[in-house]
Amino acid sequence: MSEILWTEKYRPRKLDEIIDQEEVVARLKQFVRERNIPHLLFAGPPGTGKTTAALCLAYELYGDRWRDNVLELNASDERGIQTIRARVKEYARTVALGEVPFKLIILDEADNMTSDAQQALRRIMELYTATARFCLIANYPSKIIEPIQSRCAFFRFQPLKKEHVIERLRYIAQQEGVEVTEDGLEAIWEVSEGDMRRAINTLQAAAALGRVDADAVYRVVGRAKPKEVAEMLALALKGNFLEARRKLRELMINYGLSGVDIIKQVHREIMSPRSALKIPEDVKVELADLAGEIEFRMVEGADDEIQLSAFLAKLALIGRRLYKG
Amino acid sequence: MSEILWTEKYRPRKLDEIIDQEEVVARLKQFVRERNIPHLLFAGPPGTGKTTAALCLAYELYGDRWRDNVLELNASDERGIQTIRARVKEYARTVALGEVPFKLIILDEADNMTSDAQQALRRIMELYTATARFCLIANYPSKIIEPIQSRCAFFRFQPLKKEHVIERLRYIAQQEGVEVTEDGLEAIWEVSEGDMRRAINTLQAAAALGRVDADAVYRVVGRAKPKEVAEMLALALKGNFLEARRKLRELMINYGLSGVDIIKQVHREIMSPRSALKIPEDVKVELADLAGEIEFRMVEGADDEIQLSAFLAKLALIGRRLYKG
Amino acid sequence: MSEILWTEKYRPRKLDEIIDQEEVVARLKQFVRERNIPHLLFAGPPGTGKTTAALCLAYELYGDRWRDNVLELNASDERGIQTIRARVKEYARTVALGEVPFKLIILDEADNMTSDAQQALRRIMELYTATARFCLIANYPSKIIEPIQSRCAFFRFQPLKKEHVIERLRYIAQQEGVEVTEDGLEAIWEVSEGDMRRAINTLQAAAALGRVDADAVYRVVGRAKPKEVAEMLALALKGNFLEARRKLRELMINYGLSGVDIIKQVHREIMSPRSALKIPEDVKVELADLAGEIEFRMVEGADDEIQLSAFLAKLALIGRRLYKG
Amino acid sequence: MSEILWTEKYRPRKLDEIIDQEEVVARLKQFVRERNIPHLLFAGPPGTGKTTAALCLAYELYGDRWRDNVLELNASDERGIQTIRARVKEYARTVALGEVPFKLIILDEADNMTSDAQQALRRIMELYTATARFCLIANYPSKIIEPIQSRCAFFRFQPLKKEHVIERLRYIAQQEGVEVTEDGLEAIWEVSEGDMRRAINTLQAAAALGRVDADAVYRVVGRAKPKEVAEMLALALKGNFLEARRKLRELMINYGLSGVDIIKQVHREIMSPRSALKIPEDVKVELADLAGEIEFRMVEGADDEIQLSAFLAKLALIGRRLYKG
Amino acid sequence: MSARASLRLPWVEKYRPRRLADMVGNASAIREIVAWLKSWEKGIPEKRALLIYGPPGVGKTTLVHVLAREFGYELIEMNASDLRRAEDIRRIARAADIGSLFGSRGRIIFFDEVDGMSGTEDRGGLAEIMEVIKETRIPIILAANDPWDPRFRPLRDLCKMVRMDRPRPSDIVKLLRRICLAEGIKADPAALRVIAENAEGDIRSAINDLEAIAEGRKVITVDDVRHLAKRNRQHDAFATLKMLFSARRCDQAKAILSQSLLDYDMLLQWIHENLPYQYKDPEELAKAYEALSKADMYFGRIVKTQNWGLLSYALEMMTAGVAMARKRPYRFVKYQFPQRILLMAKTKEVRRLREEICRRIASKCHVSRKCANAEVLPFLRVIFEGNPKMAAGIAKWLDLSEDMIRFIVGDRRKAKEIVKYMRK
C-alpha cells in the first residue's frame, strides 16, 4: 500500500479519465483544442470531479508550465473579496507564459461568497478578462448571482453512478493490494453519498485497519465523527448542564468545529434511528425545530458558544419534562 | 439550430408584432405617426415586451438610423447616477440625426435606482428635455418617484396569455427544427410564469439537450420535477422523516438546488391545484405559514440542510395529527 | 396642460398665501418688517410648506434681488460638508446686495447630515454670522444637534387640513382644465397623507391619464383599490385560503405591486376606520403584529410570494379560530 | 441672550468651581501646589467635568502661559499612530516654558484611539517624562490598553447630583435673563441624564423658544413628554389598540418624531423605574426585547408605521395575557 | 541630574531599579536571562535572541536596562514610539554593526514592545527583525506582553523565551516601604498592602498610586487609600456578578453597567460562565440563557449593521434579562473566572497546530481548510491510530512535524512509532 492520500494519488490527470461527466469533458476538450476558453462555472454535488476537471483542463492547456499559469483560490479560505482582489491583481499583472495567451484562476466554493462580494468579483472578472480566465466552482449554482452566471459558460456535473464509483474503488483497492468485500464496497457507497472523495478516504482509512468489509467501514465512520455530540446531548437531557457545556467546549475548541457543524451533527444524532438517546418521536421533532431556531440565532448573533449553551439549557428543561414528568 | 440567443433572433421588429399589448401598441403607433413623443414610462411584469416595445418604437421612429439616435442604459448596471449623468450628457450634446428632432434614451430597470438617484435623474430629464426623450422601464411603477411619474406618459404592460406564449414557443421550435412535446410546453409555461424572455431562454437551453419534454425543461432550469417534491412532502407527512430527508438530499444534490430553491418549489407544490398531493386545505394553510418562516431564516443565511430538516420534522408532526389523530 | 411641474407653478410667492401655518407666518412677517432675522430652523412633516416659506421669506426680504442674495443647498445632494463649506465660503465672502445687510442660505434636508457634518456646519454658522443667515429645513428636528438648535429660532409646521388641501387641488384642476371627481380628490388625500407636494404631483400624474377619479389615482401611485384588498383579506379570514391567494396574485400582477406595497396597503386597510371589513379589534391586533413580521421578512429579501402566502395562511388560521371555534 | 455657546461661556476656569468631584479636585489641587503631576487618566460618564478639570489644572499650573505649555488633542484631531510618533513625540521632547518644568498633553476621548496609536504612546510617556506629562480622558477606561493604565494615576469622575446640576442651570438662566419653570428644570435633568454639557445645551436651545418649561424642553430635544408616551403604552396594554395607535400618530406628527425616536422613548419609558405604568419587572424585559426587535426592523428599512403598529399590537397581546389571563 | 529635575521626576522613574539587586520578584527568570547573556562571552549561543514576555509593569524594560548597565553593554533600543518598518530595523542593525566579528562587542539591540508593531505602519518590520536575528553576532533582546499571536510563531522559534510573572503583593509592599522611607513618609503597612493588592502585580501602577496618594502628605493611613480607584478586574467581577444576580428590579441589574470596570464583552463572558452556578433550577437557567441568547443576537446585529443604537437592548437583555430569570431567593455562590478564556489561552498551541495541519492538507488536496478539517482530518485520525506505517508515509507527504503527528493520533507513544517509520 502506498502512503500518500489516495484521493490525490488517484486523482485523474487527464480530462478523459474523469468519470461520468461525458458531456462536460467533451466540451472542455473542445476548448483545449481551440486553445481558448471563456469564463467557466462548474456546478454540481461535492465529490463529482469539479476541481479535478479544472485541474485537468489546466494540465492539458498549459502542459508542464501549468503551475506558472494557474492560480488556485478557495473562497471560504480567503478573507473577503479584498484579499481575492489583491491576489488576482498581483497574479494577473504578469503575462501568461507559453502559447496560451491567458492565465487560469480557479475559484473554489464560489457560492460561499456573499452577493456583495460576488458583485465585486464580477467587476474583477471584467477587469482582467484580457489576461485571465476564471473557473468558478460551486455546489449550488443558484447562489451565484445572475450577472456572473451570464458571463460564464455553465457546466453541470452529474451525480456519479454507483457502479462507476464502486468500479473505481475496486481498481484502487487492487492497485494498493487491499482486500475488499462486496458488502464493504456497498457500505462505502452508502456512507459516502455519491461523494468520490469521501468514498476514497473511507476506503483508505478502512484499509489502514486491515480487510475492508462492511464492519470495518462502519467502524471507520463511527471513529471519524466525534462521539462527544451524543454524550453532550445525553448529559443535557439528563439535566447535567455543566458537564454538557464542558463537552460543548471540547467540541468547539479541541475539534475546531463551528457552531453550525455542531448543530448539524446534533440534528443527525437526534433524528438517527440508531441513536442511543431513545427520544420519543414528538420530542425529536421539537428538538429538530429548536435546533433550527438556534442555528438561525447563530447566524444573527455573534457568539456560537452562548447560543449553543442556550440550546443545552432548553434541552435540560425538556429532559426534565421527559424523564421526571 | 442557430447559435445566437433566440430571444434576440425572434424579438419583434415592429410594434404590430408585439403580443397581447394592444392598447399600448395603439398609443405608441400614434406617437410614431406624429413623429413626437413625450417622456415614457413602461411598467409591467418581466418578459411582457417592455424593452421590445421601446426598441420597436425606435426602429419605427428612426428607421435605419436608429442606432445613431438611441442610447440604451441599464440602471442596475451603470454604476450610479454619476455614470448615467456623464453618459447622457455626452450623448445628448450632439444633435439628433434625421428627421426626428430628438434622441431616445432607454433606461431599463429604472425602479432599481435609489430615490436619491431618481431625484438626480429627474433633473437630468429636465435639463435635456429639448434634445432627448427618456423611456423608463420598470417592473414596479410604485418605486418610481412621483415627480418623474408626473412627467411621463404611463404605459402598463399586461401579463401574457398562456395560449399566446405557447403558440410563440411552438413557432420558434418549428423554425429551429426542434422537437417539443406538449408536456414540455406546459412545463416551460409553468416555470416561466408569463415571462416570454424566460420562456424562450428555457426553450433554447432545453433544446440544446435534444428533445424538449418536461424532464429536459426541469433539468435546464435547475428545478426538481414537481412529482419528486410531492413525493418528499408525502413521505414527511406520512411520518417517514428519514426517508423524506434522504429524498431532500437527493433533490439538493441531483439538481444542485439550494434551500431557498427547494422551499420555493415546496411552496409551489403546496399551492398547485394540479399537485399529486391530496392535502386538505387547512393543512396547506399550516404548511404555507411554516414555509414562510423557514424561507426567511434561510434568506438570513441560516444553513439550508438544518432548516429544511426542521421543516420536514414539523411536517411529520402535522402528518401524524392528520392521519393518526 | 402645461409641461412644467405644477408644484412649482402653483407654489405660493407670498407668505400670506401659505396654507395652515398662521403662527409661523405671523412670526416670519415680523422679521420681514424688521429687516432682520436670526438663524432659522423649520421643522415639520413633508409637504407642509417649509421650503415654500423659506423662499417666500426671501422674496419678501430681498424683492427682485432675491436671486443675488439667496443660496439654496440640499444637504443630501451636496457631497458632504466639504462642498457645503466651500460653497458657503465662496458665497458669504461677497457682500449682500441691497438694503438687507446679510444673505440667506437655505439648507434643505438638514436632518440628513451626519452629526459630524453638523458639528462642522455649526462652526460655519458661527464664522459667517455677520454676513449670512441660515435657514435649516428638517423633517425631524431631533436629528439636529443641540448646539445648532440653540443657535436657531425654531418654527414648527403643522400638518395640513384635509379641506384646505382639497380646496387647493380643486383650484389647480380648474386652472389646468382638468376634470376631477369627488372620489378622485378623496383618493388623492388618502394617498398623499397631508403632503401637499405629493398631492399635487399625484394630481398631475393622474391628469396625464385623462379624467382624475379614484381609479386613475390608485393607478398612478401603483396601489390597489382598497376594496380589492379588503376582498382578499375577507376571503382569507373566511378560511378560503386558495381563493385569497389567487386574488393576491391578481393584485400583484395587475397593479404591478411589490410585496411590500401590498403589505402596506393591507396594513392601511386593517387600520382604516372606513374599511368594509368588519374585523373585531382584537383580531386587528393580531393582524397588525403579523403584518410587521411579514413586512420585515420581505425587507430582508425574503420571497414576496412565499411570505404573502404565509401571511394569508395565518389569516386563515385566525379566521378559523374566530368563526368556527 | 449671548450668541456664544453657554457650555463654553460658563465652563469653570478654576478647579474649585468644578461640581461634585471633591475627591478628584482635592488631589489635583495638591498637584498644583507641589507643581508636580504624574501622568493622569480621567475616567467617567460624559459631561461630568473631565475635560474641564484637565483645562482648569492647566490654567492653575501654568497661569497665563498655559497656551504655550498645553497640547490638546481631541477626537476630531488626527491621532493615528503617525501623529503620535511624529507630532506628539516632537512636542513632548521640547522643553517647557516657564517655571513648571514639563508640558501637559491632554488627549481627550483617548478610548477612541486605535490600539496601535496607544502602543506608540506608552514608551513616549516614559522616555519624555522629564519634559512632558499626559492627561488621558476616557468614557470607557477599559478601552485604554493596560500598559498605559499602569503608567497613570487613575481618577474616576462621579455622576453629578441632580440638585447641583439644577442649581447650576438656574444660575445660568438667571445670568442670561431666561425664565425657567420648575418642571422645565426637571425635564432638562431627565433628558440630560447627568451630563452637564448636554443639560446646558438643552437649556440654551429651549431658551431660544422663549420661556423654558417642560414643553419647550421636550420640543427641542425632539421627544414626546414621558407622560404622553406612558399614556399610549397604557392604552395598548389595556387592549385599547386603536386608541393607542391614534395616540401614536399624534405623537409622531405633533413632535415630529421618527419611528426610531418613538421606539427609543418607549424603551426609556418601559425601563424607567419612575414610570407611571407599573409594569412587572419580568414583563419589562419582554417589552424591551420587543422594542429592540422593532427598532432593528426599522433600522433595516422596514416601514415605521407598520412596525410601530406591530409593536402596539404585541403590547395589546401581552396586556391581554397579563390583565385578563 | 540636577536636584530640581530629580525632584520633579515621577517616582516610577526616580526609583526605577539601577542594579539587579533592586529588581522585585522574578528571581529565577532573571537568573535564566543572566545566564543567557553571560553565555555570549563564550561565543554565539544557539538562540541568538531572547524574548522576555509577561504582563505590563513587571519590569521587563527595566530589567534590560539594568542588565546593560551591570554588564557594561551599550543598549540600542527601539520601541513602539519609533517607526519600525523594514528599513528602520535594518538601519538600527547597521548602526549596531551586528555582523562585525570584533568591533561590535559590548552592544545589545533591544526591541521593546514587539507586540505593539503596527500591521500597516510598520510593514515588513517583523520579518526584518527575524532576518537580523539570523545574522547577528551580538545579543538581541525582545520584550512583549503577548507573544502568542500567530504572526509571532516563526519569531518564537528563533528566540529563547523567558516569562516574567507578576510579583507577589508582599514583594511590592517591601518596595513601597523602601520608597516611603526614602521620601520620609510614614505609611501604615495595611495601607501599603491595599495599594499592593490593588495593583495586581503591576509594580509601576503600585508606585504611581502611592505617589498620587502621597502627594502633599507625610502620613498615609488606610483611610487615605479608601478612594483608590480600582484597576482590579477580578474582584470587580465578583462584586458585579453578585449585584447582578441579586437584583430584583431591572434598573438595579442595569446599574452594574456603569459601576463595573469590565468591558461588555468580558462581562458577557463572566455572566455566561456563571449562569449554571447561580441558576440550578432548569427553568431559571433556560430563561436566563434565553435572555443571553437574545443579547448575543443584538450584538451580532450591531456588528453586521454597525448600528450602535441597538447596544442598549443588548446590554439590557444581558443584565436585566438575566437577572429577571430568577424566581427563587438569591443565594451566594463562588463565581468562576470565564473558563473559556483560560481554555482558549491553554489551547492556543493546539488550535494553531490544527490550523497548520489543515493548511497543509488544503494545499495538497485542493480543498478549503474548513473542508480539510471536516472531511479529511477525521480519516487521517483513523489511519494514524490504526496504521503507523501508512501514517508515516502520509505524514512525510504532508510534511507534518512531530507535534502535528502527536496532535493527530493524540498519543505520544503512537506518535513516536510513526516518527520511527518516517526515519526509515
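As written, the chain order gives the labels A, B, C, D and E, with residue 1 at the start of each chain.
The rule is simple: a contact is a pair of C-beta atoms (placed from the backbone, for glycine too) under 8 Å apart; a residue touches a chain by one contact, two chains touch by 3 or more.
Keep in mind that this is a model prediction, so the values were computed, not measured.
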| query | Rounded to the nearest whole Å, what is the centre-to-centre distance of chain B and chain D, using the mean of the C-alpha atoms as each centre? | reply | 52
| query | When the centre of a chain is set as the mean of its C-alpha atoms, what distance in Å lies between chain D and chain E? | reply | 33
| field | Residues of chain B touching at least two other chains | value | 260, 300
| query | Multi-chain contacts in chain E: which residues touch at least two other chains? | reply | 301
| request: Work through the pairs of chains, note which ones touch, and then classify the graph as line, ring, star, complete or other. | output: ring
| In which sequence are the chains arranged about the ring, given a start at chain C and a first step to chain D? | C, D, E, A, B
| said: For the complex, give me every residue of chain D touching chain C. | reply: 3, 5-6, 76, 198, 201-202, 204-205, 207-209, 219-223, 239, 241-242, 245, 253, 256-258, 261, 294, 297, 300-303, 305-307, 309-314, 316-317, 320
| said: Help me check something: in the complex, which residues belonging to chain E touch chain A? | reply: 268, 272, 275-276, 282-283, 285-286, 288-290, 292-293, 296-297, 299-301, 303, 339-340, 343-344, 347, 350-351, 354-355, 358, 362, 364-371, 373-376, 378-379, 381-383, 385-387, 389-394, 396-397
| field | Of all residues in chain C, those that touch chain D in their complex | value | 43-45, 116, 119, 129, 139-143, 146-147, 149-154, 156, 159, 260, 263-264, 267, 271, 273, 281-282, 284-293, 295-296, 299-300
| said: With touch defined as at the start, can you tell me which chain E residues reach chain D in the complex? | reply: 4-5, 7-10, 12-13, 55-57, 61, 79-83, 112-113, 115-116, 118-121, 145, 202, 204-205, 208-209, 211-212, 215-216, 227, 229, 231, 248-251, 254, 258, 261-263, 266, 291, 294, 298, 301, 305, 307, 309-310, 312-314, 316-317, 320-321, 324
